[in-house]
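Each chain gets a letter, A, B, C and D, in the order it is written, and its residues are counted from 1.
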Amino acid sequence: MEDFYRDYILDHYRNPRNFGHLENATVSAEELNPLCGDVIRMDLQVDDAGIVREVRFSGKGCAISQASASMLTESVIGMPLEAVAKLSKDVVLENVGIGISPTRMKCAMLGLRVLKTAAIGSLAAWPDEE
Amino acid sequence: MEDFYRDYILDHYRNPRNFGHLENATVSAEELNPLCGDVIRMDLQVDDAGIVREVRFSGKGCAISQASASMLTESVIGMPLEAVAKLSKDVVLENVGIGISPTRMKCAMLGLRVLKTAAIGSLAAWPDEE
Amino acid sequence: MIHVRERTAQEIRADFPIFARPTGRGKPLVYLDSAATSQKPQSVIDALDTYYREYNANIHRGVYEIAARATEAFEAARARVARFINCAPGELIWTRNTTEAINLVAYAWGNANVRAGDVILLTELEHHSNLVPWQLLAQRTGAVLRFIPIDERGVLVLDGLDRLLDGCTILSIAHVGNTLGTIQPLDRIIPRARAAGALVVVDGAQGTPHLPVDVAALDCDFYAFSGHKMLAPTGVGALYGKRSLLESMPPFLSGGDMIRTVGYERTTFNEPPWKFEAGTSNIADAIAFGVAVDYLADVGLGWIREHEKRITRYALERLTALAPRGLVVYGPRDPEHIGGVLSFNLGDVHAHDVASILDTEGVCVRAGHHCTMPLMEKMGWHATARASFYLYNTEEDVDTLVSALEKAARIFKL
Amino acid sequence: MIHVRERTAQEIRADFPIFARPTGRGKPLVYLDSAATSQKPQSVIDALDTYYREYNANIHRGVYEIAARATEAFEAARARVARFINCAPGELIWTRNTTEAINLVAYAWGNANVRAGDVILLTELEHHSNLVPWQLLAQRTGAVLRFIPIDERGVLVLDGLDRLLDGCTILSIAHVGNTLGTIQPLDRIIPRARAAGALVVVDGAQGTPHLPVDVAALDCDFYAFSGHKMLAPTGVGALYGKRSLLESMPPFLSGGDMIRTVGYERTTFNEPPWKFEAGTSNIADAIAFGVAVDYLADVGLGWIREHEKRITRYALERLTALAPRGLVVYGPRDPEHIGGVLSFNLGDVHAHDVASILDTEGVCVRAGHHCTMPLMEKMGWHATARASFYLYNTEEDVDTLVSALEKAARIFKL
C-alpha cells in the first residue's frame, strides 16, 4: 500500500487533470464514497456520434480517489459513451499500476462508478462488486 | 433432586391439604410461575385479632409447587397475618426438608409468594430473591 | 455438493466438545433440547477464538489490516449464510435472532403498510415470537388477527384457507412448529397467499436447522431464522427479505453504519442490507455463523433430515413400551411430517417433574409451554415435556431417555 | 476496591493475546482505535470458550443442569454489569449495542410519550446513533430537534442552556464525544434538564469504557452503552433505565421470554428487565460482558483514567514536533477534559491516506467522519484521523505513531 503513493499518483493528486465543471455537459453524475463521505462529480460532453469529447471531475477526497479519477478522465476522452458504460475495474487497476488494499478499493473505484453512472443514466454498481 | 421426590412430598402432591377455595376469604391472591405458566391461588380467612384461621390453595402444577403450597397451608394456620407477610424462604426449605435445584426454586417458592402477596396486599417479591 | 463418505452420528458427536464432559452426577450428557438451542462444533468455537486473538476490529470503515480482514470475513459469512438459503447477500440482514427479525418486519414493513381493518393471518400453533409482534402491530394499526386452525393432532386444517386469506395483508407462519415439530405444507399455502396478495413471512427458526431451505423456491417475502439453533453462537440470527421490499421499506433501527449522509435535520440511508443494520454488528458471531452453515452443508442437510427421521421413528417405537404406564405422545405420528421434535406427558406427572427426574440421568428435555401458550390452552395441555433431536443424537440417547422415563414412572408409582 | 499493587500497561498488554501477533508486514500491532472497538483479554475469550464447551443451553425455562448453570451465569453477569454502573440488576436491559439501546428508548418511551411540537434536545457533537433515532422519532411524532451548540474547539456552549431546555421533553447527550473525546459536564447539565422536566438519556458508549460511571449519582433516566468498547465481545450492550420508567413503559421488541401470559388475542408482559428482552438472548456474550467489567474493575477505573491522561498528554507533546509539517490536533487540549481520543489532520493529506500509510507501520487509526457527519460539516473538516488510547496502550505506541506520521509527511513531501 505504501507503494501506492508513488510520484505519479501524488502528481495526479496534487495536480488533478480535467478538474472542474463543464457548463455544456451532455451527462453528469455525482456519487458518494460510503467509507468516508467523499463525493466525486463527473461532467461529460458527448458529440453526436456518441464520442466523449470532454470530461471534468470535481470533488474533494483522498489521494487514491482523486488520482484514480484524474487518470480516468484521461482514459475516456475519445471513447464512445457506450464503451464507458461498460468499463470494468481493470481500467482503474491498470491506470494506478499497483495493488490497492481491499479497504481502499471503494476509494479507487468511486470515480469509475460515477463515470459509469453518468454514461448509463442510472446508478451503476460498484465496479469491484460486479 | 431425585431425592426431592420422597413419599411425603408425593403424598402432599397426590393428596393436597387445604385444597380448594374459601367462600368467606378475608384476603386472597393468585400468581403465576413464569417458568411454566402454573398458577396458584391462596384464600385466607383471618379473625379480628389478625390470626389466620383458615387457608385454602388451588391451582394445577408440578409436585414441587403443589407439595410446597400444601405444606405451607399447614404451617400458617394459627399464625398472625403480619407474621405471614414476613415469612422467608426458609419456611419452605424446612417444610420440604431437602435441597431444591436452582431451576426449580421458583416452583417451590410460588405458594409462599402468593401467600405473602395476600398478606401484604400487594405483589410480594420472590422469597428466594429477597 | 458431493460427500465422499457419509459420516456417522458418532463421528459428528466427536466434533462437539460439550459431549466429552460428564454431567455433575457423572452421567454422559444426553442433550435432547436442540429445538431450544443447539450445541456448537469445535470449528464454530474456534472461529470466535481466532477472531478475538487475531483480527478483532470494527468493520466497514476501518482502513487498517485487521479491520480489512474483519470486514471481509463478516461479509463473506453473510454470503455463505445467504447461499445456504439460496438468496443474494444483499437480501440477508443480520439480526440477534428470529424474534428480532420478525419484529423488524412488523415494525418497518408493518407500520408503513398495514391499515385499520387489514387482516394478519397466523396459525394456531405459532411460537410467541410469531404471534406477539403481530398482536402489537394490530394494536398500533387497528388490523385484525385471524388464525388457520389446527386439528386434534396439531395439523393445520386448510379447508377454509381461501376464506381466511380473503382481504389478507400479511400471512406469517412457522416453517416447522416448535412444540409438536409439525412441518407445515408451505408449498400448498404460500401460492394461495400470494394469489390473495398477502405478504408472506416465514418463521424459519425450526426450518433452517433441519430442512434444506430455498427461499426462492418457497417464494416467501421474508424468512426469519436464528443462528443459535443451527450450530452458530447465541446472539446472531438473520432475516431474508426480497430485494425490492428491502429497498422500498423504511429502516427500523437507526444510527451508525446504516446511513449514507447525515445532517442535523435530515438523513439518507445506506442500501440494503446495511440500511437495516444499525450500530456495531455482532461481528464475531456472524463470522462464526458462516462457519456453522458450512459445517451443516458439509454434513449435508439431506443426511441430517434422514438421520432425524431415523431417530424419531426409533423414539416413537421405544416410547410405546411406556404407554401402559401413561406415556402419551402428542402431534403427528409420521416422522415424515415431524422436524425431530416429540412432545409428551407421562401419566399425571407434571412435565417439570418429569424433566427434573430425567436431569438426574443426564437427559436434557424441555418442559412447559414451549412459548406456545395459546396452542397449549387450545389443546388442553397444562404443560408438556419435549425431546428434540439433531445431527449429534444417537439411538443410545433414545435408550437413555426411555430408561430415565421408566425411573420417573417408578418414582411416581405409575 | 483495594489494589495490592498497580499493574503496568505492559503487564496488562500481556493479557490481550492479539498483541502477541505481528501484522502481515511483521510489525508489532499498535492499536489506536479502541474508540471504535476495544481488544479483548484472555479471560473474556475464555469465558466464551468455557460456555460453549461446558454449559451452552437456553436459559430461564430449562430445568436441567447446564440450563441452570447458564441461567445463573447469565443473570450473575447482569448483576455484575449493573453493579459496575451502580444500578439494580432489574434496571439493566441487555441489548446488542448502544445504538439498539437508544432506539429502544426512542421507540418504547418515545412513541408512548412524545407529541407534536415537543422538543428533543441534543448537542451538535452527537454520534449518528444518538441523532438519527431522534430524527426518526421527530418524524413519527411531529416533535422538533434542538441542539446545544459547540465552540470552535468542540466544547459545549452552555450559556443558552435554560432557553434550550424550555419546553423540552427529552435531553439526549453523549457522556464522552467520540470524535474529539470531549468529556461533557453532565453534572452541570443534568440537574438543569431535570429542573426543566426533561427525560434525560445518556449515550455512554465512550463513557463506561473510560470513566467510573454511577448512574444514580448522574441522576439520568437512561444510560446506554456497548460491551465491545469495554473489553467484552461484539454483539452485547446494555441499557440502564430507572425502574419506575421501565415499569410504566410499553415493551419494544416482543416474542418469547418477555411475556407473562399469551392468548391468541391478548398478552401480558413480564417484569423489567425481561419485559424488554425478546427472543433468545446473546447468552454467551452477556456472560463474557460480566467477565469484562470484572477485569476493568480489577485494574481499576481510576488507574485507567490516569493512564489515559498520561498517554494523551505524552501524545499531545510528541505531536507538537510535527506541527511545522502541518499536523493539527482538534478539540480541547487539556487531557483532563479528553477521554483518550485525539483527532487530527496532517497538512493537506486526506485522513484516509494518513491512515493507510500508518497501517504499513502497524499503526491502526480511524479516518473519516467517525459517524459524526454533522459535527464534521459544522467544523468544516472534510475528514480527520483519530487515535484513541486505552488501558493496554503505552508510550511506545505513541512513539510509533509519531514516526509513522513522519513517514507520511515524507511521502507527501510536507
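Some observations on this one:
Basically, a contact is a pair of C-beta atoms (placed from the backbone, for glycine too) under 8 Å apart; a residue touches a chain by one contact, two chains touch by 3 or more.
Note that the coordinates shown come from a computational prediction; the quantities given were computed from them, not determined experimentally.
The geometric centre of chain B is 45 Å away from that of chain D, both derived from CA atoms. Chain geometry summary: the mean Cα position of chain C and that of chain D are 31 Å apart.
Here the spacing of chain A and chain B, counted between their Cα centres, is 77 Å.
Residue positions 61-64, 67, 261, 352, 356, 359, 367-368, 373 of chain C each touch two or more of the other chains.
Residue positions of chain B with contacts to 2 or more other chains are 35-37, 101, 103-104. Shown here, the protein chains touch in an arrangement that is not a line, ring, star or fully connected set. Contact between chains, per the stated criterion, is found for A-C, A-D, B-C, B-D, C-D.
On the chain C side of its complex with chain B, the touching residues are 349-353, 356-357, 359-360, 367-369, 373, 376, 382-383, 407, 411-413. Within the complex formed with chain A, the chain C residues making contact are 60-64, 67-68, 71-72, 260-261, 270. Within the complex formed with chain D, the residues of chain A that make contact are 1-2, 4-5, 10, 35-38, 60-64, 101, 103-104, 107. Every residue of chain D that touches chain C in the complex is listed here, in rising order: 17-18, 21, 23-24, 29, 33, 36-37, 39-40, 44-45, 48-49, 52-58, 61-67, 96-100, 102-103, 107, 124, 127-133, 135-136, 145, 147, 226, 228, 233-237, 251, 253-259, 261-267, 278-285, 352, 355-356, 358-359, 363-368, 371, 373-374, 377. Taken together, the chain B residues at the contact with chain D in this complex read 32, 34-37, 101-104.
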